[in-house]
Amino acid sequence: MAYRVSETDAARIARYRPASGMETPRFSGLPSFMRLPVLDPTAAAGAIEIGLVGIPFDGATTNRPGARLGPRFVREASTGTRMVNHATGIAPYDLAACADLGDVPVNPVDVAETCRRIEAFHGALRAGGIVPLSVGGDHLVTYPVLKALGRDRPLGLVHVDAHSDTDDSQYDGSRLTHGTPFRRAVEDGVLDPRRCVQIGIRGSMDAADERDWACSQGIRIVTMEEAAARGLPEVVAEARAIVGAGPAYLSFDVDALDPAYAPGTGTPEIGGFTTREALYLLRALRGLDLVGADLVEVAPPLDPSGLTALTGGQILFEILCLLADAVAARRP
Amino acid sequence: MAYRVSETDAARIARYRPASGMETPRFSGLPSFMRLPVLDPTAAAGAIEIGLVGIPFDGATTNRPGARLGPRFVREASTGTRMVNHATGIAPYDLAACADLGDVPVNPVDVAETCRRIEAFHGALRAGGIVPLSVGGDHLVTYPVLKALGRDRPLGLVHVDAHSDTDDSQYDGSRLTHGTPFRRAVEDGVLDPRRCVQIGIRGSMDAADERDWACSQGIRIVTMEEAAARGLPEVVAEARAIVGAGPAYLSFDVDALDPAYAPGTGTPEIGGFTTREALYLLRALRGLDLVGADLVEVAPPLDPSGLTALTGGQILFEILCLLADAVAARRP
Amino acid sequence: MAYRVSETDAARIARYRPASGMETPRFSGLPSFMRLPVLDPTAAAGAIEIGLVGIPFDGATTNRPGARLGPRFVREASTGTRMVNHATGIAPYDLAACADLGDVPVNPVDVAETCRRIEAFHGALRAGGIVPLSVGGDHLVTYPVLKALGRDRPLGLVHVDAHSDTDDSQYDGSRLTHGTPFRRAVEDGVLDPRRCVQIGIRGSMDAADERDWACSQGIRIVTMEEAAARGLPEVVAEARAIVGAGPAYLSFDVDALDPAYAPGTGTPEIGGFTTREALYLLRALRGLDLVGADLVEVAPPLDPSGLTALTGGQILFEILCLLADAVAARRP
Amino acid sequence: MAYRVSETDAARIARYRPASGMETPRFSGLPSFMRLPVLDPTAAAGAIEIGLVGIPFDGATTNRPGARLGPRFVREASTGTRMVNHATGIAPYDLAACADLGDVPVNPVDVAETCRRIEAFHGALRAGGIVPLSVGGDHLVTYPVLKALGRDRPLGLVHVDAHSDTDDSQYDGSRLTHGTPFRRAVEDGVLDPRRCVQIGIRGSMDAADERDWACSQGIRIVTMEEAAARGLPEVVAEARAIVGAGPAYLSFDVDALDPAYAPGTGTPEIGGFTTREALYLLRALRGLDLVGADLVEVAPPLDPSGLTALTGGQILFEILCLLADAVAARRP
Amino acid sequence: MAYRVSETDAARIARYRPASGMETPRFSGLPSFMRLPVLDPTAAAGAIEIGLVGIPFDGATTNRPGARLGPRFVREASTGTRMVNHATGIAPYDLAACADLGDVPVNPVDVAETCRRIEAFHGALRAGGIVPLSVGGDHLVTYPVLKALGRDRPLGLVHVDAHSDTDDSQYDGSRLTHGTPFRRAVEDGVLDPRRCVQIGIRGSMDAADERDWACSQGIRIVTMEEAAARGLPEVVAEARAIVGAGPAYLSFDVDALDPAYAPGTGTPEIGGFTTREALYLLRALRGLDLVGADLVEVAPPLDPSGLTALTGGQILFEILCLLADAVAARRP
Amino acid sequence: MAYRVSETDAARIARYRPASGMETPRFSGLPSFMRLPVLDPTAAAGAIEIGLVGIPFDGATTNRPGARLGPRFVREASTGTRMVNHATGIAPYDLAACADLGDVPVNPVDVAETCRRIEAFHGALRAGGIVPLSVGGDHLVTYPVLKALGRDRPLGLVHVDAHSDTDDSQYDGSRLTHGTPFRRAVEDGVLDPRRCVQIGIRGSMDAADERDWACSQGIRIVTMEEAAARGLPEVVAEARAIVGAGPAYLSFDVDALDPAYAPGTGTPEIGGFTTREALYLLRALRGLDLVGADLVEVAPPLDPSGLTALTGGQILFEILCLLADAVAARRP
């Protein structure tokens, strides 16, 4: 596939590239995402096409906390990624101008206010034509991102996770938790449930019918067991058909992976994806019209070996390849 | 499948249920197994049908110790499990009255005395009609449990493990170690070796013939390599045929799992089961006439990330589903 | 000193005692605080005199989270404590009937609602004549406890901490954080600032005048440096004089200790107390008219060796000795 | 297969055997490799046939260090291996006299000098007819070993790794790093590139063409993705065909394994081999004319659970089985 | 002070010296104690004067296990010690011939049998004129060592510990636990209680009178609080006076140290010695007629940072200096 | 003391300030040193007065590695420091314009080349009038820094460390190791040995005379034991007298601290400083004419709890206060 790149784009792309590990060691320098240049978000419009953003918030976590430290440690681990995807050949920094835009200014003790700030931050990026690749934080952060990106037209969704996150409320009425983002987003009309697919769902349930709401809305749930039984090629094909050609969002909860691969997360469920499967799955999504993506629920304090942040950083690179490819494909 | 439940049973079942994570956080409250009510074992007869029991003993361990702390940390991790098995649909707390019966009062410096206490404790449960689900402790604890449960009629056995645990003795004559329980149980006539199957056996051997005794007794050993080559569906079918319709016991040594999934155990062997395989294997055993089960060799001090206890807690839920199903199936 | 104990009290005291480690191992059984009996709080009035309570909430934490897991891990570690204080001779379980009352039913995503629940829970204890010994959780939890206990008469306070926790607000207006409890309590009139002393305060400051408010109210701040220079005997004497003979509360933030002794806390500051100093300090407070106490900010995920929970459990025993002594001293 | 063993060989073999875990616990005694006798390398010629050697050097590491501690911790973990390979039946200590020869006397601050010492050490072993099984250390150590073993005739190579390690130079001209050993060895004529196969290669690349040099020399690169797609039986068959009947070397970089199985390594790449696959792969190489082998890049400080050293020790046993089989097969 | 060394002694001393860290890195080679030569205990008589011995047994532990791994990890850590005590000037390897004699062949599942083996092993050393410096293991191992060394004449004792370890029995009659060694030794007449001093005792007690037995026998208990209040110079002077000029033993339980300095031990008690104090204390014991010594209760699995083994290794060097000085002083 | 600040200085100072933790959480954003602005070193001259610099190099380490990761993790931990030193009142960001200048571009496999780059980098800072505060890295990095700063006039030195680091060479001739920097610097004439004091020296020695060279040059060595015996006030007074009024450098090796306070370092020695003592010592150095300073030997992989990086970050703040005070004092 040949990408078209205008002169302006080419200049921007040349300006925003990671520091090379062949020249300075990967463990040196400040750990921006992928060793990319750091840019003030207010200066990003017109300068870059993809913005990597941290959302260090875990105030909506109902189980073990720690995901507020996700952006910091995923940044650190992401400095080990390099320039070219060896499997797909995608060289993201040749396709799109990328930068680290820092973190959303969250309020760790105020869920609702933080949601407003996340929505505002991502709304500004969208207004500036920048595709966000956001790193949580707990999964509630996806909800305000979707509100910012899906405001005008409901989005499709590929959601890789152990949990459906379509609860209604918990603890006698709390409706903004990391178990509810996709229900809220459907209710708000920013997600089109018939273009949504959830992959990897598993684990014991609080009630046998807890996934009924999602299904009743038309969301397709592919359990881990179904994915294993049918094989990923079939699952991906169905997912691509569901999401279709319209604008779509990709949300990757690190607990989709088996806890052997990602122990550092608040609510791990055994029997999940290997990273090899996750790489296959993500690479097979190439070609979707992605307008944003996120990686959430990396909780470094729960992971003494740092494996989860390492995995998160490398998964982030794979998602960035998908976004860069989509950006390039959307060029006139 | 429709279960028959008498009014008495229904009342008991309604009384003994875990605290819900939708009402209070899973990390709150005392960590009983599955957040179940705690019941004095002397009051259990007539009140419950399945008793979860800790056996905090690792005095028969010949390698790295720590399994005495297994019950405490598996209890903690098990508080993350919920009400319904999402894959099989089994809702164990709707099928049988369950409670946490605390720990057997072990003597950490006296192997023989502790065996007597374990046997007495489980003998009393059996006399009260209670099915035990026990958490070790090292694997020797299974021997006195089998003596209590198989006294009148030798049991069948599904034994998932990296090791056959059918040694004769070690260190010039010690016959009660965590490498000998199944040999002792066969010798005592409480296990029927022709109804025994061991799955997942692997690792280097002290002598080429160390598994010969087991085979000579009629125990079927399915090595990890055989299981991988033939596939679990075939293995499970054979296992079910071997165990047959008679009363059977399930013993799950956490080192059956690959150490990537369960590093916190005294004698790990690489090349083991994934948790996905273990879940498949356990769920496929549904329908056996299980009269008891255990999970052993979780050694928390050897596992800084807590992954093994987490896995243990979720495996324990799967086993509980099997036991509850068996209890319900045995109702008149 | 001879304590007077009525027959009723003696009977209660005999009923509520920890399980002995000479009979069953300390690592066995469910980990209630100090291996004490567990009692439903609604049944506590009249039955016991001191209630140990968990408050698993860290939703007001502005730095690293994890203290919501404090009660669980402090309970676990506290099972290693025994019957008699070897230095003071206090045998708390001979002086007062104690029990573990479980956890306050917190809502991890709602700060204000959780404060209401903590206040209600402790208000009920107070109404039942039960002295609470509470384990956080982050330091905000002390605020609603003080509201419950100081409603009728403002309390004195011994506050051992690295931080004054008298901020006004953070993040553009949030007034309920773990940096504000004592300011809120003074504003509400439940603390008498002239009977308050803060010991161990240290660490860099956001502004040079950040401790001015506290001082302006009459709170006495003893910095770590002052405590080290003058010596603890002098500091304690002054503290006792400040608090006086009226009802008082003791709040111990584990970050008062040096991080070498308590690394598992959200906002550690180097140069703090050793545990030897902390033991001296606490024992020297004997005789204050304590009506409640707490231990807060133990954050187990930040402490791979478990040292902080261990320390927390043993500090808790020391505080319990003080409370039991005060309860006994108040008997007619 | 029947091995021929002369009387002399039989005597040597009987003299050099590991301490048995059935007689003394595996955690006792000094941790030599496999609990084998320790022999001064100058006394090894004529006494033994396979020498286990540590090379505690990581001074050529361009990423996270720690592999200098590999020999010490792999020795410790290897004490858990036993006498017989349960899958292949190979009993290595019945086939060849083996000993632990201690460590090469490296200079941790001098890359070039250390290379000279490694080459001299292994040259002496070769002169004495001893097959080396070496434990790194970072991967550069393989280069001087190959220089010692391939001096007279270029060797074939099975190289299991996530990285090709055929870089030219880094940091403006450094040519001796752990990313360059196989390029240097081919340039020096001690490896025959047309008899070299690299298996498991993956991870993002610094440049799209970074593997071109290897391919241009005739080295066959089997990426992880290709290996997964084709299956290991096919891959191994091709590898055996490439290496052929001539003398060959086996180099196993522990980062060939997925980081879930081997987190303790300097440059982990997700999506790697499971240990079950690695065991299959290694066992299927039986019959190659191996004249030496190594295991490298185990970095214990990066692995709090010790899983990587454990895995390393068990992988080392598998490789030793291959070497012992090759030694026995070469007997006249 | 001038030591007299015969020609024979000088020759032995020259033969048994640690490998120098100025020539080969301290992390290289097999980790014998202090990098000393390893000698078969049966060949030690006449060859050396001080034998370092591992006793990898924790089967008498009533709390958290792991001390069986003490010898292995203390050996590893001790390789960081060098030739000369910088504070006292003692150069132990110039004063006495020292070697690592390996481990006592314990039976991990048999307490009584292991005691017999420890006694026999140390009896043989004593018969050969070798002073043992033993590394546990749990504290029970001191009992059979004392039986071997004090058989003919009861010994004096300096016992540094948090616990008196003079319990009678536990769990309804078990008399051989790590809480009983010194009571058993006094009962057996191998310790002279009036020449015994215990320093650092602290922590809550199971009964107020639990230290009464020790005191009634004439053992002097210096609690941690007393030691802190009086200062170590006074404490040491008293200890020296108590032990006197006769043959004496030194037993150092690592839990004498504060858990901030030694978290990796089964029964830590806060408020203990700093290492600076321990160094002072040990160095001040120079001149006692020590006939043996031990270091016990290092439990590596409970210490993720390895701090306790590090400390153990350096404390061991200090004790070795005392023993070497005593050996030299006893030369005719 | 009143500082004089010109308008230009005031403007610069206002421009370079850390992000406030009262507005955005300390765990958010990229972890620059102290949350300071990041500045390209080539743009620093004229813009700032103090430059914080990372030197991620541990290629001269002769013991356990890991200090190359020091800058990254100290940066992370330093984000917890605030604006004002509560003990001294120094508000460093009000006194001098400070920025994070990133890392020296080291070559991890080339000791000599890296020394050249460090010297060049710091030479440029000095030429630009910028005072460097550097974070290692192993202690060798201090040598090229001293060459850059002491070129014209030999400097005085306060060196806080467990080791003298005045070895001549190791491993048969290597003269650039982390054990040699101060010998090399004296030989090169960039340090004035009679104005040098080393504080905290301790630990066993390779030879009794290893500190003789330092003393023979006139360097004053204050051992830990002497410091403890005399007390820090006296030690500091002497140190100030030795260094005098001339330009001086401060080098703080984190292993000066006791390993309980700083376990994450390559060569820990027990019996070291507490952080409280270190804070006292540093604060008492106020008024020296410091022209640069460093903090070295933080090795994060050796410290699972992160305590050493935390301590390093807070120590760094103290040193920064000293430098800022010196910068302000030098203003005309």
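First chain written, first letter: the chains are A, B, C, D, E and F, and each begins at residue 1.
Convention: contacts are C-beta pairs under 8 Å (C-beta built on N, C-alpha and C of every residue); 3 or more make two chains touch, one makes a residue touch a chain.
For reference, the UniProt names are A, B, C, D, E, F = Guanidinopropionase.
This structure is a prediction, so every number in the text was calculated from the model and none was measured.
If you take chain C and chain F together, the chains in touch with both are A, E. In a homomeric contact, the two copies may use the same or different surfaces; for chain C and chain E, under half of the interface residue numbers are shared, pointing to different surfaces.
Between chain D and chain F the centroid-to-centroid distance comes to 41 Å (mean Cα coordinates, whole Å). Chain C and chain D have Cα centroids separated by 56 Å. Across the assembly, chain D contributes 23-25, 27, 62, 64, 68-69, 108, 170-172, 258, 260, 302, 304-305 as residues in contact with two or more other chains. Contacts between chains form some other arrangement here, matching none of path, ring, star or all-to-all. Shown are all chain pairs that touch, namely A-B, A-C, A-D, A-F, B-C, B-D, B-E, C-E, C-F, D-E, D-F, E-F. Put simply, chain A touches chain C in their complex at residues 58-62, 64-66, 68-69, 107-111, 170-172, 174, 176-177, 301-302, 304. Listing the residues of chain A that touch chain F in their complex gives 23-25, 27-32, 38, 54, 56, 68-69, 71-72, 75-76, 100, 102-103, 105-106, 108, 304.
Here chain B touches chain D in the complex through residues 62-64, 170-172, 201-208, 223-225, 228, 258-260, 263-264, 267-272, 274, 302-305, going by the rule given at the top. On the chain E side of its complex with chain F, the touching residues are 20-27, 80-87, 89, 91, 258, 260-261, 274-276, 278-279, 304-307, 310-311, 314-315, 317.
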